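Below are two complexes that have subunit A in common, paired first with subunit B and then with subunit C.
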Partner chain A sequence: MIHSEKKIPIERRIFSNAEYGRHNARRRRVTFIFLVAPALVWFLSFMLWPLLNMFYISTTSWDSLNVPKKFIFLDNFVRMFHDPKVAIGLHNTGIYLLAGILGVIPFAFMLGFFLSLRKPGYRVLRTIFFSPAMLSIAALAMIFLGVYRPDGMLNTFLNAIGLPGLTRVWLGNQATALGALIAIDIWGGIGFNSVLFFAALANLPEELYEAAMLDGAGYWTIMWKIAFPLMTDFIGLVTILQFLGILSGAAYQILLTGGGPGTATFTLGYYLYDQAFLSHRLGYSQALGVMVFIIGIVVIVLIRRTTSRFTA
Partner chain B sequence: MFNRVLRVTSKIKKGSDLFVIGGYIFSIIYAVLIILPLYFVIVSAFKNNSQIILTPLALPTALNFSKFIQAQTNVHLLRAGLISAGITSGAEVLTLLLAFPAAYAVARIQTRLSTLVESIFSLGFLIPGLAILMPIYMMTAKAGLLYHPIALVILYPAFNLPLSMILLSGFMRKLPHELEESAVMDGGNVLQIIIYIFFPLCAPGILTVLVLEFIGIWNEYLFALILMDSDNRTIQLALALLRANQRTVDFGLIAAGVVISMIPVYVVFIFFQDKIMSGMLAGAVKE
Partner chain C sequence: MNKKIFSMTIALLVIASMVITACGPAATATAAPTTPPQPGAPTQPPAPTQPPVPTATNAPVTLTIWHNWGPDDTKGAPLQSVFKDFMAANPDITIKDSVYVDADIPLKVETASTSNQEPDLVFSVLFDGVLDWTNNGVSLPVNDYIKQWGLDGKLTDAALANFTQADGKIRAFPLEGFTWPIWYNMKLFNQAGLDIPTTTDQLIADAKVFRDKGMGGPIIASGIDGMGGALFNLIVESMMTDEETNQSFGNGDWTIPDAIAGVKLFVQLRDAGVFVDGVEGVDYASGDSRFFAGSVPMAHFGSWSYTDPAVTALAPDIKLAGFPLAPGSPWKHPVYFSGFTAKGIFITPNGGAKIDAVKRFIQFLYQPDMIARFVQVGMAPPLKSINIDKSTLPPLVAAALDLSSIGDTPTVLDTIVPAAVGTDMGRITQEAFAPGVTADKILADLTAAYAAIK
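This part shows the complex of A and B:
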């Protein structure tokens, strides 16, 4: 094999894989590893290693960086089951997820379908719909602070249209604070996801619609009978992204409400942040992190299963 | 052909006019809902506080930049912007140095390892940032890089590698295979192929990666909050500080900060809108 190597044109030595056996495959593999290694090491060190650390710290009792940690195995997880704050966090996170997904995905799909018909003005609409996605979470929080505060835009508007009875201290009221935060996500989420749907629908062959139109189907029928079944996988995907974003979100609480008033906006993600950086119970915070991570994986699998059943 | 189109359109007309009208109504209402808060924050930056409360949607009576100057003196927005710009450029260069060769390997070298590598990177989409925040804080402290912008320059590429790899390798897969073959004939090695042939050819893909990463890093809040201090605050931390520093809300001041922090991202958005949308779609699909 080694002797015959010289007779093979040089380009084949590197790029063919058919007749070239083990020697060449090994060469390719060495080049491959040489090129991939830096990125892989980087990724493993700063993404996967911290993740493994999270699992490890979750089995310890550790109250400050200056104090040695004590191995307590699953005690943190046992404590979680009796912790009323976990129950509150789960409850609020559940509401957040439900409203944040149901309030976004159906509307985003319908708007995305409408955009994909490319009626006059769709480009302008697309740009407007996408623009909130360019805002940082801090900017969003600050903008909506101006909308929600007692003499903010929303209350001024309600007064102006003669509905002063509806005015609230939106972020300071137990009944409205969580809804006010969810509304920020819905406000921008519909637009961002509608553009994703638009782009995905634009990839469908046009003949699909034409055939249905020849049969006399209207857009409404086409949207639900043709576009929707073809999009179930993609809907699952978008739902997963939306889900993960909400599940591990805590920024609005950090910036605006501190989990309050009372426990109104106290979510699992915020509890994690609070335990890690405000209450300094590091071991317990990472146990909450493990729970968030596992909930995420389980729900992703469930969503994938559901959508693939639909497709099949 | 024309007849067919006519036949089709005449058939749709009946039920679907209603759908299109409904679509427009719905779209316009939503577009107004998006624009109102954005418009509100922009005009508020030029008004005094009583104007903001009494006439929130009126145009400012004069171009008054005092809130911008006040925001600058309060939290040093420009300095924060420069720090953010420095972190962003450092992280972008590092990301490309890491991701480009790796993407080439995954896209162009046939081995069974590439599927494995791709699935390792796609794990990145499943890891919630909030969950690894604490371990990363500890790693940074141990490395002695806490409160140092270098920490973010090192970390952000790791977060951006999965998407960058997907976009770059996706782009490279579409290039013809003859490229390498002729280069090898001329005696080029892999590094030369990557630097002299693929790097220039992949410019559009690289641009997408750079633009998306710029938006992500410029807007990042949580890791900057934990890892930086007041001497090294990024633009987002400075913005949040505008609010935290005041006992009663001076919304005009906050609005000025929001406007300044938004400008670079919206400028990029205006120029690279299509790249941003298609890049984000590719990221979502591949996840």
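This part shows the complex of A and C:
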């Protein structure tokens, strides 16, 4: 059989290979589109379309789901720039972000590093650290309502250890309300993010640590001189997640303070919620959403650039 | 590396868009209004004024009703008994009711309404966005139904007034009336050798006595939530006529001398120690439990608590009265709130399509005997006459019936305060309970809140 095959001329063979290559490439393209299409359709339908809608609604006056929208172009944005509550929201959100990121990321990294050393009991600790993430926000809010009440756990504890002068009406006092909410985020955020760091640090080769230890490095040095530089990309990612959670979140304000007392806990995320669901100004709420979105993108790019410079 | 950074950035932008858009009503963005807008038509969909065509009376009908009177509410059992008796008397009608948290009902109804999935009847508080339901087509005006269904002249004027819009449309059938007085724990007052104060000077003097005896400030209020806000409003309104209240709370004019005097009175009382220490951080639940535990002399609770099981032991020691008056008050007697905005029955367009079944249910419910079941548990009746033996009523329910003879009732703010300043008002009154916050600061914040919506 083999001997009976006709010999194909070289130019014909080249042509066939080229045709086959084109055919193959086409087939791969079709397969690629076929595989990607469902995800693309999902993305366009459930992410891009609502996002575009947010931009559209932000140009309307829409006072209830049950009344028609009225196109007002940029009026909501003009109003936003003159709205003193936006300035208050930006100020409080800035404080929240600063404290919520600086208070969480370094400590979460350190805890994550400690867990990654796999000392005895690290599995139990890992579960304990992660437990706040398994509780619902409403349950957490109830817990901290009990903690922060005038006769709650925190004041009872301060009285018990002889520090009655430090007792406060934590959620009802302008000076302490925002700090009290930030403390909840830090409490929950450190544990949760430490488990994320643990998972990432566990992928670093152990030889790096062993070599450093042979050179006489302690855990502190290994953590900051070896693990930290290798993790900058991941730290950037965790920072972004923490940032986004705080920027657009308002759960504790909704459940515990209503943005008050006064404007003490009034953040941009809460203002967005307030305008959409309490004050029934859907168009204006989406204008705020656009602003939050733009802030989010700018800060994400900044964080990525910073961490990529460190990585380089 | 650049490609990697680029792809990472794109991925994070996608995550950011997901997180941020999750805050907005994205899913509802494409929802169409219940009435499709016509070219050149007014922006507000016209509310139907003619009763829709009734369904055949003998065909089986299911009436869906959303309310908040669940098993934990004192009115839950009477309501279920009414449903049961109604279905027994009308076997062709089945009631399918769903219980939701009071504050959640408006948004649920409005969202359901955009896809014509709303219930037939809604039991709701009249406040905030609910005030616009009739104009927005979420509910039908009931003027004609009141006349056609034999309720004309039977509902009290006060009840109807609360539910009537400026243009004369009646938003819903008024159902739950309430009284919201000051509760005085006479056991503690007697222990301190004091009687119920009728002036704020007496109240301040009493507060000093209570504090000197180590009992703390006499009034517990939930400074951190809306219930404390109601006490703030009552105190401020005690210095104002109803007309002035409309001007300030309704239109945001906080330069009226009596409005300023009202806010100053609140600050004066707060600084004189009439509230429990740390009142600015007390929530409703803990305020409730501290008063019902018998450790605080005064509280501001509504009629919904008259038959609360937690009150049973304390009830014999309780006297209901108004809030003491300051010199210069336009009122003759201590003041308390009373109104009918606590609950109305709204007919939705879906309910309008089953109007015969709705009619039969409303006519059944608004019989004096049926309404009396709710009065037994503390509800003020919307009917002019009901069949009730006062001697059979729980003590606080019976006492509340006499409140009008010893107190005056400033206007209820539910239908006056614009929805857009509702949350600001909450934050401002919450702040007002904190020591050190001046009357000028409160007035400036109130002025700014109203200015922001103009």
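The rule is simple: the second predicted complex is superposed on the first by the 263 of 312 C-alpha atoms of A that agree within 3 Å, B and C clash if a C-alpha of one lies under 4 Å from a C-alpha of the other, contacts with A are read in each partner's own complex, and residues count from 1 in each chain.
FYI, contacts are C-beta pairs under 8 Å (C-beta built on N, C-alpha and C of every residue); 3 or more make two chains touch, one makes a residue touch a chain.
Note that this is a predicted model, so its numbers are computed, not measured.
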Subunit B and subunit C placed together on subunit A: clash or fit? clash
Per the contact definition in the header, classify A:G216: touching subunit B only (first), subunit C only (second), both, or neither. first
Of the two partners subunit B and subunit C, more of subunit A gets touched by chain B
Item to complete: Please indicate which partner A:G296 is in contact with in the superposed arrangement: first for subunit B, second for subunit C, both, or neither.
Response: both
Once chain A of both complexes is superposed, is A:F310 in touch with subunit B (first), subunit C (second), both, or neither?
neither
| message | Per the contact definition in the header, classify A:F228: touching subunit B only (first), subunit C only (second), both, or neither. | response | neither
*Where does A:F277 make contact in the superposed view: on subunit B (first), on subunit C (second), on both, or on neither?*
both
- Just subunit B (first), just subunit C (second), both, or neither: which does A:I143 touch? first
Practice prompt. Considering only touches as defined above, state whether A:Q286 meets subunit B (first), subunit C (second), both or neither.
Written response: both
| said: Taking the superposition on A as described, I'd like to know which of subunit B and subunit C A:F77 touches: first, second, both or neither. | reply: neither
- Which partner does A:S131 contact after superposing on A: first (subunit B), second (subunit C), both, neither? first
Among 130-138, 148-156 or 256-264, subunit C is struck only by the subunit B stretch 130-138
Dual-contact residues of subunit A (subunit B, subunit C) 43, 47, 50-51, 53-54, 57, 65, 145, 149, 151, 237, 240-241, 244, 247-248, 250, 269, 272-273, 276-277, 282, 285-286, 289, 292-293, 296-297, 300
Subunit A contacts subunit B in the complex at 10-11, 14-15, 17, 25, 28-29, 31-33, 35-36, 38-40, 42-51, 53-54, 57, 65, 107, 110-111, 114-115, 117, 119, 121, 125-139, 141-147, 149, 151-153, 156-157, 187-188, 190-191, 195-196, 199-200, 210, 213-214, 216, 218-221, 234, 237-238, 240-241, 244, 247-251, 254-255, 269, 272-273, 276-277, 282, 285-286, 289-290, 292-293, 296-297, 300
Residue set of subunit B touching subunit A in the complex reads 7-8, 11-12, 14-16, 19-20, 23-24, 26-27, 30-31, 33-38, 40-41, 44, 52-54, 56-57, 97-99, 101-102, 104-106, 109-111, 113-114, 117, 120-121, 123-139, 141, 154-155, 157-159, 161-162, 165, 177, 180-181, 184-185, 190, 194, 215, 218-222, 225-226, 236-237, 239-240, 242-243, 249, 251, 254-255, 257-258, 261-262, 265-266, 269, 273, 276-278, 280-281, 284-285, 287
The residues of subunit A that touch subunit C in their complex are 43, 47, 50-51, 53-54, 56-57, 63-68, 70, 83-85, 145, 148-151, 169-174, 233, 237, 240-241, 244-245, 247-248, 250, 257-264, 266, 269, 272-274, 276-282, 285-286, 289, 292-293, 296-297, 300-301, 304, 308, 312
Per the touch rule above, subunit C residues touching subunit A in the complex are 1, 5, 8-9, 12-31, 33-34, 37, 43-45, 107, 110-111, 113-114, 128-129, 132, 136-138, 223-225, 277-283, 286, 419-420, 422-423, 426-428, 430-431, 433-434, 437, 445, 448, 452
